[in-house]
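Shared between the two complexes below is chain A, which pairs with chain B and chain C, respectively.
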Partner chain A sequence: MSTLSQSSQKALSLKAPSRSKIFMHILRTRAFHSKVDGFISLCFFAILLTAIYSIFNWALLDAVWLEESVAQCQAAAGACWSVIDARYKLILFGLYPYDLHWRPTLACIAIVTTIILSCLPTFWSTKRLSILWVVGFFTFFFLMRGGILGLTHVPTGQWGGLALTLFLFSSVVLLGMPMGLGLALARRSKLPVISYGVSIFIDLIRSLPLLTTLFVAAVVMPILLPDWMVGDKIWRVIIAFALFFACYQAEVFRGGFQAIHKGQFEAGDALGLSYYQILANIIMPQVFRHSLPGTINMVVVTFKETAIVIIIGFFDVLASANAAFGSALWAPYYMEVYVFVGLIYWSFIFSLSQYGVYLKKRMRIASH
Partner chain B sequence: MIKTIKPILTTAITACAISVTSMSFAQSPTVKAIQDQGTMLCSGHNGSYFGFVEVNDKNEWKGLDIDICHAVTTAILGDPSKAKIIPLSWAQRFPALQSGDVDIIIKATGWTMGRDTELGLQFSMPYFFGGTQMMAKAELGITEAKELEGGTVCVEAGTTNERLIADKMADLGIDHKIVSYEKNAEVMAAYQSGRCDAFGGWGPSLAVLRSNQMGNPDENIILNDTLSNEPIAAAMRQGDEAFVDTVNWTLAALLLAEEHGVTQENVEEMAKNPTNPTVARLLGTSPGIGERLGLRETWAKDVIKAVGNFSEIYDRNLGKNSPYKLERGLNNLWSHGGVLYAPILD
Partner chain C sequence: MSATRNKRPNAKNRLIQMLFLAVVILVIAGAFSSARTNLADLGISSGFNFLDRSTGWGYSFSLLETNVNDPYKWTLFSGFVNTLFLGTLTIITSTILGFLVGTARDSHNITIQAIATIFIQTFRNIPLILQLVFWYSVLIHMPSPRQAYDLFDIAYLSNRGFMIPSINASPIFFIAILIVLTGYWMLKNRIPQLKQLPTKRLYVTLFGITVLYLLFFIDGPLLSIPELKGLRFVGGTTVPVELVTMIISTSLYGAAYIGEIVRGGLNEVPKGLVEAGNSLGLNERMVWWKIKVPMALRTIIPPLGNQWVFMMKATTVGVAIGFSDLFMLISTSITQSGQTLELIAILMSAFLLINFSLAQFVNYLNTRMRLKGH
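Take a look at the complex of A and B:
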């Protein structure tokens, strides 16, 4: 008896092994289990280290940094970041008038702040979110466009770079999200005319390639529509893009609706709640939770798909990157420009997906 | 129904055209719209096309095509800064012209019958000539396509270059292989890695790549065969002859200025003391050039003052004052062994 209690006491006092111990254990059992395993692992580690070392060398140690030192680039073994130093304004703001660059700078800060703030749980009420987005979006829009408060008017045709990408992205999501919800609800309508009509519409749009949709909106519409309906090219493209987004997002929401048992509606009815009360208080919070992974996915994909507008002549961040290395002096350094643009995309998309992971954790707690 | 309407329309249009030409000069609706708005809408590019359309460090457009646009804008509005360059992709340029997004396409665009007829376009006289050519490593020691026996040629997929090279090789009856890639950058990488012996493409583009993206230019050589020769011209909407006249005479003025030695620098001096009657007419010293087009008498002088004559434009963007250092070649005046010439200014 006494020995047993002693050993159980000893067991209780055991600490969890340290991280480094776990790591060593995994290394021993998985990577160096046998001689062959060990050999393969060593080879792999050697390749990995060489790759990391040469990337590090290329990007940092052997790199040339300043615009003035571009002459050293030909001889240097590493990256020539001079091209970024000289052309970063073109990549970020496209063809926006050079001496007005403080405006897109502020505008980008405004819209990024809005996106970050709306990720904070404090802002998660319909009222707060809508105020935040109306303020944020219009600050961005009027800073870019000007024409009020003595700011020079800059037509949308001159917008470009990261500023244009952010503008397209945020307006598409902002318009598309409520449209998607509306379509998802309409598809569930008890009136066959509406539900069939909407599902045919959704399937129609979803079966068209995005590129075709945007090309028609940008290029063909002005030929077909009467003059007064044509409007600005950027808005035609945003509306078409938002419709496309909405149709996919409607299907994501539909999945969320289908996960909810019919009994919940009936229970709501039995309690005497109205249709909108049931929706707002019982159904929608659950729908949002269920459709969250799909929604984050849609948002990420949309951010990347904005690059497609290069085809219809918008000067988005990728088009301005092309222009950035599209001159004799900078032509050999396209790799550096692509790495820079890749990092911009990565930083946005990685933060978005990390935020998705955080949300999922948070919602899991809330649902129990 | 459509078939019966067509001849009627054609007659109506012809009738209009005849009545219009009988006037002293015909005001072009496009020129009038440009003057009313105070801006001229030209085609740009969604990125950059070396030497023709580029963006400088101040985020402003530059290049040969941009300078031609500035010349036309100056002729019509008197100020090159009133040109508005609209970024367009290759696929988008013709629909954009038809829908009125731009007034003119000046974008390394070749004059073809399909574009001239089916697409409803009207072309100016050519201002540049460039054709499909091939580039090879100098160490191969070849100068002509027929020496490529058993070789591999890399081209960009789906271009006219691809078809022209295949036709040419078949015509010469030599054993060869064509490898096509989706993007020009891939073709270049394949060529540089030694995957292919020759690189087929548009002559001026090859020359630009050779000059500044492939190490020492002497390591590569552009083969002598010109497989096609594309006349590059400005494209406009059908049915506005007076606008085509304006553009043609702007181009003519650039060439005439070169021929008679009028430059950006000496244009004022030449206007005061013209060296011959043509210069006097060109620079508006003897009136007529403006009235006949419905423009200012000094329009050609303003154009040369704003962008220089044709050789200045060429040298600045592609030639000896540019990083590319392309020879004038075909794009010289007829009197210097090229094929460019201006109509007579009487």
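Take a look at the complex of A and C:
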């Protein structure tokens, strides 16, 4: 009797293990499971620490920070961030007129805000998302371009740096998304000519490298098109890039369509709804939901791929980075410039893809 | 799918399709006619006759024998070979590296896992072309050949490239051996006479032929090792900086992606199978080889195939640092000869061919890996 009450008391007094205990448990099972395991752990831990320590030293402790102190760079063991201090405006805004730099600054803030806002579930309806993106994009566009409200006109040829990269990215996604939906619907069409024609087009574009598509738009299109249709190179490239995006996005949407049971169409028919009513009110909301992870993946990939436009002669953030260390004074510090640009790309892409991972997890929980 | 649409008049459907076809044909015809007038204005005659003309320009890297007077067709073929070579090489290196990283990511040891995670998150989240120009800058800032980094006195790394020892033998011989072997593997299951042939004897014969060839049919030393003579290296093979850059950056980028694919596949393996292996007394390595990998391959192969196709296409980015792949030679040919449409058509068909063959290969792997009896 007494032993029983003792043990039940013991059971009642069981607490969640303390943090240090959990830590020790993880160490024991996941780092020092056996002798060999412990040895490996120690080795890799040492390597990791050395790497972090030397990067920390190079980037922060031994670094030279200001443009004025560039003379110390030669002697310093660490990074020479002077080059960034001196050239960051070139890297961010390219050859945009210097005294108007407040405009691309605001424009970039506007578009980044648009991207962040569209990650919030509050904005997840076709209507809200389209309004958000159209407003965000045109704020960006008119701030950059000017020509209205007394702002000086700046032609697209003078845009550059991060601002140009963001412009390419946002216009490709904005144009490509409805195009992708259109292609996906056309591929599902009951009319064989349309569905075959569109399938061939999608598969053709998908099997060619992006660079060839953009190259064709930049170099070959002026030959194929009559003179009045040629237009500006940047628009041709954006349309080609958007088409490329649309072909991949169409496949993502197709996956979303395949996840929807046939019965849903039939239920709509039974209720007497028209094809477009069924599509807009029953099917599309579910398709968007199913294809959300794939879409985010496509957006991430597209952001990465915009870097390729340097090859066909655009002054994007990578080209302006090359220009930033392109003088005799700054030439030795190419590493710092690439690390800076790499960090810009990395933070954008990493946060977007982590967001994608989070969404996937959220949806998996929701579907259980 | 929907009853209402089946009831729609057929004539309307037909009309829509005819309109669609008409628009497509009109667009293509319009493009052709305006291309013809535009090209006629530039004084360029269309057709593939230019392929026999001599190019008159050279390029940095080629696996084949080339010179300035080669006809266009040889130059383009050499570019195609370069693309295939680089693509295949990076596919192999990044797949091996990717399996390592993916396994490390799946390891129970947190330090190994941490390093693999850092690797994947670094190389996956930076555009390939940025990594490319980064490694290129690093490599061309290497010391000159006279102060080259010395790797065990047989290989040297300098700003001119990577000097490695080479075998003093004709590559054609090895290609022939490879063809015989691939032919044997591919036809083994179709031709009964080949199946009766003992595999071991074939390998021994081929090995014997190789040894005989290397011993008696080569003049000069068998192995040529690079040596510093004056300002440059003599002997061995020099892997040019552009190629080294392409191999490093594409392999790392691809390995990060493949690492994630492999980790995903290993994650999908049911826990019970691994536990069953453990309780049978298999050690960790055997569980990995005999249970995890064969099971995981079924989920890994389809996305892996996509990644391979991507890597073949990614070779085109090499133009940024002047690696003479097919795309670079095509674009140079366009500026030099003006035969834009023909050259673009060649480029497209080359990539269609590559993608199609890769897809076939992945399909073959897929059928090989499918669960028996399913």
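Keep in mind that, in the parts below, the second predicted complex is superposed on the first by the 337 of 368 C-alpha atoms of A that agree within 3 Å, B and C clash if a C-alpha of one lies under 4 Å from a C-alpha of the other, contacts with A are read in each partner's own complex, and residues count from 1 in each chain.
Basically, contacts are C-beta pairs under 8 Å (C-beta built on N, C-alpha and C of every residue); 3 or more make two chains touch, one makes a residue touch a chain.
All of these numbers come straight from a predicted model, not from anything done at the bench.
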Clash or fit (per the criteria above) of chain B with chain C on chain A: clash
Contacts of A:350 with chain B and chain C, given as first, second, both or neither: second
First, second, both or neither for A:226, with chain B first and chain C second: second
Partner chain in contact with A:322 - chain B first, chain C second, else both or neither: both
Which superposed partner A:87 touches (first chain B, second chain C, both, neither): first
Which superposed partner A:311 touches (first chain B, second chain C, both, neither): both
Superposed model, chain A: greater residue contact from chain B or chain C: C
First (chain B), second (chain C), both or neither touched by A:95: first
First, second, both or neither for A:157, with chain B first and chain C second: first
Touching partner for A:341 - first (chain B), second (chain C), both, neither: second
Offending stretch of chain C which, after superposing on A, collides with chain B (from 3-11, 237-245 or 273-281): 237-245
On chain A, the residue positions that both chain B and chain C contact, one per complex: 215, 219-220, 222-223, 310-311, 322, 334
Interface residues, chain A side, partner chain C - complex: 26, 29-31, 33, 37, 40-41, 44-45, 47-48, 190-194, 197, 204, 207-212, 215-216, 219-220, 222-226, 262, 265-266, 268-269, 274-275, 278, 304-308, 310-311, 318, 322, 334-335, 338, 341-342, 345-346, 349-350, 353
Sites on chain B touched by chain A in the complex: 44-50, 54-61, 84, 86-89, 91-92, 95-96, 98-101, 185, 208, 211-213, 322-324
Residue ranges of chain A in contact with chain B within the complex: 86-87, 89-90, 93-98, 157, 215, 218-220, 222-223, 233, 310-315, 319-320, 322-329, 331-332, 334
Sites on chain C touched by chain A in the complex: 1-5, 13, 16-17, 20-21, 24, 30-31, 34-35, 38-39, 108-112, 114-115, 121-122, 124-130, 133-134, 137-138, 141, 309, 313-314, 316-317, 319-320, 327, 331, 334, 340-341, 344, 347-348, 351-352, 355-356
